[in-house]
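To start, the structure under review is shown below, and the notes come after it.
Chain naming follows the written order as A, B, C, D and E, and within any one chain the residues start at number 1.
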Amino acid sequence: MDIAKGLIAIGAGLAVMTGMMTGIGEGFVAGKAVEAIGRNPEAEGKIRSTMILGIALSETCAIYGLLVAILLIFAF
Amino acid sequence: MDIAKGLIAIGAGLAVMTGMMTGIGEGFVAGKAVEAIGRNPEAEGKIRSTMILGIALSETCAIYGLLVAILLIFAF
Amino acid sequence: MDIAKGLIAIGAGLAVMTGMMTGIGEGFVAGKAVEAIGRNPEAEGKIRSTMILGIALSETCAIYGLLVAILLIFAF
Amino acid sequence: MDIAKGLIAIGAGLAVMTGMMTGIGEGFVAGKAVEAIGRNPEAEGKIRSTMILGIALSETCAIYGLLVAILLIFAF
Amino acid sequence: MDIAKGLIAIGAGLAVMTGMMTGIGEGFVAGKAVEAIGRNPEAEGKIRSTMILGIALSETCAIYGLLVAILLIFAF
């Protein structure tokens, strides 16, 4: 095994770390959703669907990192 | 044992660190849920189910990191 | 495989990390949107469309990183 | 002992650091639970059970890091 | 391929990382815009146009990083 392979592994590890802050961002969305439902339980449907939409949009950033990590592992 | 293997181990360690901020994000969700239940205990069911959904969605980011770490350890 | 290739992989991993903070920024947008809908459910349409616009504009930063990572992997 | 073994130790150390922010996230849950019980002592049972559930769900992130660290130490 | 080329790739990766914090800054703009529309939906037009202007101005930082990364990849 040569050193280049190890360096590619480090590159893949760094790439997937892109999703690190997405975890806290999505937690913020869900936390605010939970708080809003506690205050206004009648709006639960609207709140929950906007929460899911917002988390899905944020998720893209983490997926970019995963994509590059997978590319580096299997296609580089 | 060659150096490349050690570098792959560092890559795997970096990869799993993706989940680092998910812990704080999920804690924010649960903290807000607990706060909302204290204010409005009747909405407990709605709050708790949205909390579990939000945490499950955030968890995906940590799982991406775990996936890449496992790939680097066993399949690279 | 030569060392330069491994270094390019590290460069690609660093490049895609640009999107790291976008995850938290977009989560902030969605969290504030969810909070605003809880307070004023009638304005849901306006809030949601501005949320999507704001997230789309923030997304560009993550896309710059993805673009450079892809360029480094396939065109360098 | 060769350098690769030392690099694997660094990888394992990085891996277990995943749990670093889980400590602050879970502390936020418990702090909010204590605050909510102080405001509304009658809801203690509901608050406490949601707190335990939330902390258990956050804990998973730290466990992923522990798992990868153990794998690197014993199975790599 | 020589090591210098790999080092240039790392330089390009670092360059585009300039935009990392822009993601969080633009998310803050959009989040506050969404909050303001929830409070005062009649002002939607003014809020949204100022949000777009603010994000466009913040975006320049990320574009500087992208520019240098592109220069390093193609013109160095």
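Quick notes
By definition in this document, a residue touches a chain if its C-beta (ideal position, glycine included) is under 8 Å from a C-beta of that chain, and two chains touch if they have at least 3 such contacts.
The chain lineup, named per UniProt: A, B, C, D, E = ATP synthase subunit c.
Everything numeric here is computed off the predicted structure, so don't read it as measured data.
Chains that count as touching both chain A (ATP synthase subunit c) and chain D (ATP synthase subunit c), per the definition above, are B. Chain centre most remote from that of chain E (ATP synthase subunit c): D (centre = mean of CA atoms).
Its C-alpha atoms superposed on chain D (ATP synthase subunit c), chain B (ATP synthase subunit c) is turned by 30 degrees; the angle is given in steps of 5. Averaging C-alpha coordinates per chain places the centre of chain C (ATP synthase subunit c) 26 Å away from that of chain D (ATP synthase subunit c).
Our note on geometry: chain A (ATP synthase subunit c) versus chain C (ATP synthase subunit c), Cα centroid distance of 9 Å, whole angstroms. Residue positions of chain E (ATP synthase subunit c) with contacts to 2 or more other chains are 23-24, 27.
Across the complex, chain B (ATP synthase subunit c) is touched by residues 1-14, 16-35, 37-39, 41, 44, 47-48, 51-52, 55, 59, 62-63, 65-66, 69-70, 73 of chain A (ATP synthase subunit c).
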